[in-house]
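Shared chain: subunit A. Partners: subunit B in the first complex, subunit C in the second.
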Partner chain A sequence: MADNKPTITIDGQVLAYEPGQTVIQVAHEAGFDVPHYCYHPGLSIAGNCRICMVEVDGWPKPQVSCKLQPSPGMVVHTQSALAKSARAGTMEMLLVNHPLDCPICDQAGECHLQDYSYQLGQGEASSTTAKTKLPKNVAFGEKIVYDAERCIKCTLCVRFCEEITQTNELAMSGRGDHEIVIMTSKGEFDTAYSMNIIDLCPVGALTSRDFRFKSRLWFMDFTESLCTGCARGCNVVTGGRDGAMLRMEPRANAEVNQWWLCDEGRLDYAHVNGADRIASPRIKTADGVWVQATVDDAITAAAVALREAGGDVLLDGGCTLEEMLLARDLAKVMGGKARYAAATGGGDKFLRVDERGANAKGAEGLGLARATKAAAAAVVIVERDAHVPAALRDGAAPVVVFATDAASVPASARVVFPHGSWAERDGLLVNTDGRIQVINRNPAVGPDNIPATADVLEEILGELDPAYDWRGRGGLHAALRSESAFAKAQFPAMQSAGVGVGA
Partner chain B sequence: MSAFEASAPAAPPVPASFPPKELRQACDEIVARYPTRMAACLPVLHLAQKHFGGWISPEVEAGVAAYLEVSDSHIRGLLTFYAMFNTRPSGRHEVWVCRTLTCWLRGAAGLRRTALAKAGVDRCGVESPDGRFLVKDMECLGLCEVAPAVFIDGAPHTEVTTESLEQLMDACE
Partner chain C sequence: MTAKKKASKKKAAAKGPAGSTPAPARAQRGADGVYPETQILSRNFGVEDSWTLAVAREQGAYTMLEKALATMTPAQVVEEVKTSRLRGRGGAGFPTGVKWGFIPQDSKKTKYLVLNADESEPGTFKDRYLMELDPHLVLEGCLLCAYATGLDVIYIYIRGEYPLSITRMEGAIEEARQAGYLGKNILGKQGFTVEAHVHPGAGAYICGEETGMLESLEGKRGHPRIKPPFPAVEGAFGCPTVINNVETLAHVPCIIEFGGAWFAGLGIQPDPANPRALGSSGTKLMGVSGDVKNPGVWEFEFGITLRELIYDYAGGPLDGRKVKAVIPGGLSMPVLTAGELDVPMGYDALQKVGSGLGTATAIVMDDACDMVEACENIAHFFADESCGQCTPCREGCHWMEKIFARIKAGEGTPKDLDLLEHLFVNIEGRTICALADAAVWPLRSILRKFRHEFLAQMPGQSDPALPAGSAAVGAR
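For the complex of A and B:
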């Protein structure tokens, strides 16, 4: 190695390591799939599940690689007969008292116990004694349900409450085959981050009261996106099926949210599944009756109405950079200015920030003013009522409205376009630290065939300004790069629409 | 009533002032023996259990946690992990019956039945109705060569028979 770092050999590959790393970390970095339950890169090392065992040359017994400090020249085998038999033994022991109720377990399909059972298990148990009976359907606060029989006692959830939130709601109680996780006398979760223990749980012991029994994973579509509950921009994966968003879970990003997500953000999709979602454009006729319209007709009608009205554009602080840029251009054509509105409050010392507009920083970068009191605007784009409250919407008296929910359309509107929720739109958001990140459309969420708000805005611009050239996403990104605020910013590559369950 | 309401826990305990005056010096001496306050958990809990009538109430538990500057959940874990701590009122006399291999082969099962019958309870770990006994199963007591072994109030008795156990328990107030 060029820089004289110490090395170890894993399965014949010579790998450099940093002091302080353990063997499993070196192996994972190099792409070796060493199984693990109790190990998590964000938590202290417990070494209690014993599934990560590897063979080390010169050591008589297999070693737990999550706890094993490398020493220069150490030779490790992850796939030797000894390592494999050690893991198979561990699997058998973990399954001795496991109920094997996969057919009714929410974790099925994303369960490490299942995965490793396929890889390492043996299909038959040597034990013929009855399985222990332990508490099931135990409430851990209002959002989480615990099943002690499925639990493999990895203590990830206990360590999370100790080390990350430092609120100590959970403890290990008892020992041996009667060891369970209990909530300590406080009874309720004090932390706003409790649901992270559901993601941490490698098995189906901790399930979300919100998601459980709603859908099998393999019927769902999962998309990498961002939480838009506040301006932190935590990286998430959205999961949807048949038009409904069913859950959201964090995606690791060391720079933003590490591995975590707050409960409020995680459950912040009521408006996505709202009963009164607008699914297609509507035009108000001369008699004041709303009729459904094609996108093209609505664009024409909007252009007519805006030519007449002119003025400002008021948008939701959760709009993407592309939408904001187009709104600014549209306002310019109409002789007005674009403004944005967003709620504030609710920040804490961990992830959540007071600024709730997911792209407020982006709006500032584009020079948009923040709307704090009602003022006239010809176009209003609203996803969340909290950002653009009724007073601002109605006070703007817009003629063209992009709205997610029918309830947010002011009476003055003459043309209404459906505005997809954040889970249904593609685009860039700038988080509170000025980092540009991507939201992606989950194809399984929201009404079918909603036109993209950015596309509609561009079409309207084209109608109003004969000299306007269609820019598309590439052109818009080029335009954003030429903005002084984003000249030095790194633009992320736009990602594919979806990722598989295992990603 | 939903499952959630059914399992809603009791109100949090009020931390007792711990240590009480008479234990203050002993506790401080224990703490001074270790590099961290956390390391003093077990000896302080044993002391507290002895002082507070043979068991650790939720109030004492919270008091010890506060005194040793560890979380309540840490103390709870210790109390439930170690068999020698009682988290509910114990009898005036504790009878430990060894349930590990050698004693079991030499008749500990019969001793256990005798002790339970004498105490008037149907299982281990609960106080007898008259408040006299608490019978507990114990893992190996380390007296295999003179099995079966029984401890009464911390004193070992070896090669115990059902008759001698009855006599021993009769001798308890």
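For the complex of A and C:
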């Protein structure tokens, strides 16, 4: 090691470590798959599950690597006979009283107990005794359901409430194999971040009332994206199936949301699955009747209508940078300006910020004014009613509307395009700290074959401006880079659309 | 004292006020071959109202504190205790002076002594005698420790089931405070300021484990902590903390009185050939309970054999019975059979025969004792007292209990004994604290030494120890 950092040896590999790191952290950084349940990088170390045990030369007993401080020259074995038998022994203990209800357990498919059983477990059970009976279907507030029989008492959920929210809703109660998690005397589990304990739970003991029993995981598509509930831009994974979004969970990003997500953001997808979703373009006939149209016909009709009307573009603060740039260009061609609208309020001292427009910072960077009162606009783009409420929409009296939900279309509209929800669009968002991040389309969410709003805007621009050259994503990103506001910004690499983490 | 002493027995006792008598001589077996008692810790046990300050002072209480404050530096007190080779009396036998030496003297934090008076080890009832009959001796030991290591606060964590110990210790603290043995500038010694408090436990065995006790003291669930950090560096409330057993500290005044070298000369000397055999210096309260005529507690110099303890002092087995098995040091030690009783009571000697001194309070089981039932009972205790924190103990102790219950119910098979051996391996040494080890040691040793009794209670298994034709199931 050139920089003279102290080193330890794990399975023959010499690895440098930073003081303060524990052996499991060194091992994980080097790519060793040391199993763990009670260890979480964001919480204090409990060392209670005993599944991360490793053998250390010169130590007679196996050691829990999550708590073990490296010392220079320490020699660690994760695959020795002792390490393996210690882990297998722990695994066996964990399963003695664990119900064999994987077929009806929501965690199946993402259960660490299941995963490690395949790795470490034996095919045959040694225990023939009856399993311990413990409380099941216990409500932890309105959003979470606890099953004490599935619980492996890792205390991650208790530590989360003690250390992250510091609200102490949960505690351990009882001794021995009757130990369970209980709600403390506070009586309600109403912290704004309660559902993170569902993600923390390595087994199916804590399940989401919102998601439970909706789908087996292996039938779903998962896509890395962002939460757009506020301008924090928490990194998430969206999960969808057959057109519906079924759940959202946080993705670790040390700079933005660490490992966490607020409950409101997590559950903020009702509009994605709305009953009144617009699935295809529509044109209003001369006698005021709406008819479905092809995308091409609708683009032609929109260009005709906009040539006639001209004026501003009003867009949702959750639109992507690409959409905002195109809206600004479109407004310019029409002799007007682009404005954006977004709700505010609801911030706290942790993750949530008052600014609810997920790309408000991006709009500011592009020089877009914030719309606070009704003013005429030829084009309106709206995903969330909260951002572009009826007063702003109807007051704008637009002729062309991009909307997610049919109820958001003002009476003045003559051409309507479906606007995919954030879970169905690709693009860049600038969060409250000025960080440019990516949202990605989850192919399993939303109506099939809806055109990308950015593509439609480009087509309309081309119709209105004969000199306009199609730029596509690459061209748009180049244009964004040349904007003074983003000249120094780091642009993340775009994922190809729809490639989920599960793919 | 519940123990009746035979008049014929010799006693080497430091009778009379401390400081006025010569150091007790080494114990010698008399002409009758009886190993004598040596009453040093227990010298005031028979004195009327021995727990009051007035009487305790007549017996010399706090004179050794006065002596230390007047004539010794704290470092000299630590040195004296190191010289004495005093080892912890709570079960682990760690050298007390060495432990005191771990307390960082440059720390600006409050330093604590937590006196472990949670005597919850089954079969152990020695510390309660000290707290009930000579609480001022205990307190004097605590204060000497406080002086030696620079402590500010003493917590005496007493098992909640000991109401009299709690009352007597609280009374002693109050009397000592009024007399100037506690509080600011004790006995006029500038800067020697110490407070003491009694903290009653709430009945959990695990709170006798030193870090479980710290958690309990801090108002949390008694879940043991992973070490390191060790309590000497980060103990109660995150501060440097000495944790000692009641009896350990009760020895300190006599070490100051007669000197560490005198104390080290008593008992069993270290084995120079074996660096791990640290010897067993001084005296020890030893007890016997279970199937004997005369259960009780006595004080001996180390070296009396387990057999002498049981037969000469505890009166031997009940009439018509024979001793079958003895757990020598509380419940948590491996069992010894009737043929293994000639081992001297001492840390190293008992370890050498595969058991341990533990708390030096033997549990005797006679030939009417069903070892399967005994195991079921032991397993039940540890399963019930497992705190639930870490997996192998939480799940394993209950699993063992269920298997022993199954065997006791006549539904066991020889495979269950193999399964138990498999569990012992996966429980022992795999947990945060030693409770799991404490559960495994007696069970495994009984299973190995009395395997035939287990087989005898299994359907279709013949018992080699029973005459042919005996019914196997339920045979006793």
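In this text, the second predicted complex is superposed on the first by the 494 of 503 C-alpha atoms of A that agree within 3 Å, B and C clash if a C-alpha of one lies under 4 Å from a C-alpha of the other, contacts with A are read in each partner's own complex, and residues count from 1 in each chain.
Note that a residue touches a chain if its C-beta (ideal position, glycine included) is under 8 Å from a C-beta of that chain, and two chains touch if they have at least 3 such contacts.
These numbers were taken from a predicted model, which means no experiment stands behind them.
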{"item": "Simultaneous placement of subunit C and subunit B on subunit A, clash or fit", "value": "clash"}
{"item": "Partner chain in contact with A:R175 - subunit B first, subunit C second, else both or neither", "value": "both"}
{"item": "Partner chain in contact with A:V76 - subunit B first, subunit C second, else both or neither", "value": "neither"}
{"item": "Touched partner set for A:L321, first subunit B, second subunit C, both or neither", "value": "neither"}
{"item": "Touched partner set for A:T184, first subunit B, second subunit C, both or neither", "value": "first"}
{"item": "Which superposed partner A:N137 touches (first subunit B, second subunit C, both, neither)", "value": "first"}
{"item": "Which superposed partner A:I198 touches (first subunit B, second subunit C, both, neither)", "value": "neither"}
{"item": "Subunit B versus subunit C as contact partner of A:A86, first or second or both or neither", "value": "second"}
{"item": "Comparing the two partners subunit B and subunit C, which touches a greater set of residues in subunit A", "value": "C"}
{"item": "Partner chain(s) touched by A:C49 [first = subunit B, second = subunit C, both, neither]", "value": "second"}
{"item": "Touching partner for A:I436 - first (subunit B), second (subunit C), both, neither", "value": "neither"}
{"item": "Clash-bearing segment of subunit C, relative to subunit B, as chosen among 56-64, 74-82, 218-226 or 272-280", "value": "218-226"}
{"item": "Subunit A residues contacted in one complex by subunit B, in the other by subunit C", "value": "171-172, 174-175"}
{"item": "Subunit B to subunit A touching residues, read off their complex", "value": "3-4, 7-10, 12-13, 58, 61-62, 71-74, 76-77, 80-81"}
{"item": "Touching residues (chain side subunit A, partner subunit C) in the complex", "value": "45, 47-51, 53, 60-62, 64, 67, 69, 85-86, 89-90, 92-94, 96-97, 126-127, 129-130, 132, 152-153, 171-172, 174-179"}
{"item": "Residue numbers on subunit C that touch subunit A, as the complex places them", "value": "204, 206, 221, 223, 226, 228, 383-392, 394-399, 402-403, 406, 419, 422, 425-426, 429-432"}
{"item": "Footprint of subunit B on subunit A - complex, ascending", "value": "137-139, 142, 158, 161-162, 168-175, 182-187"}
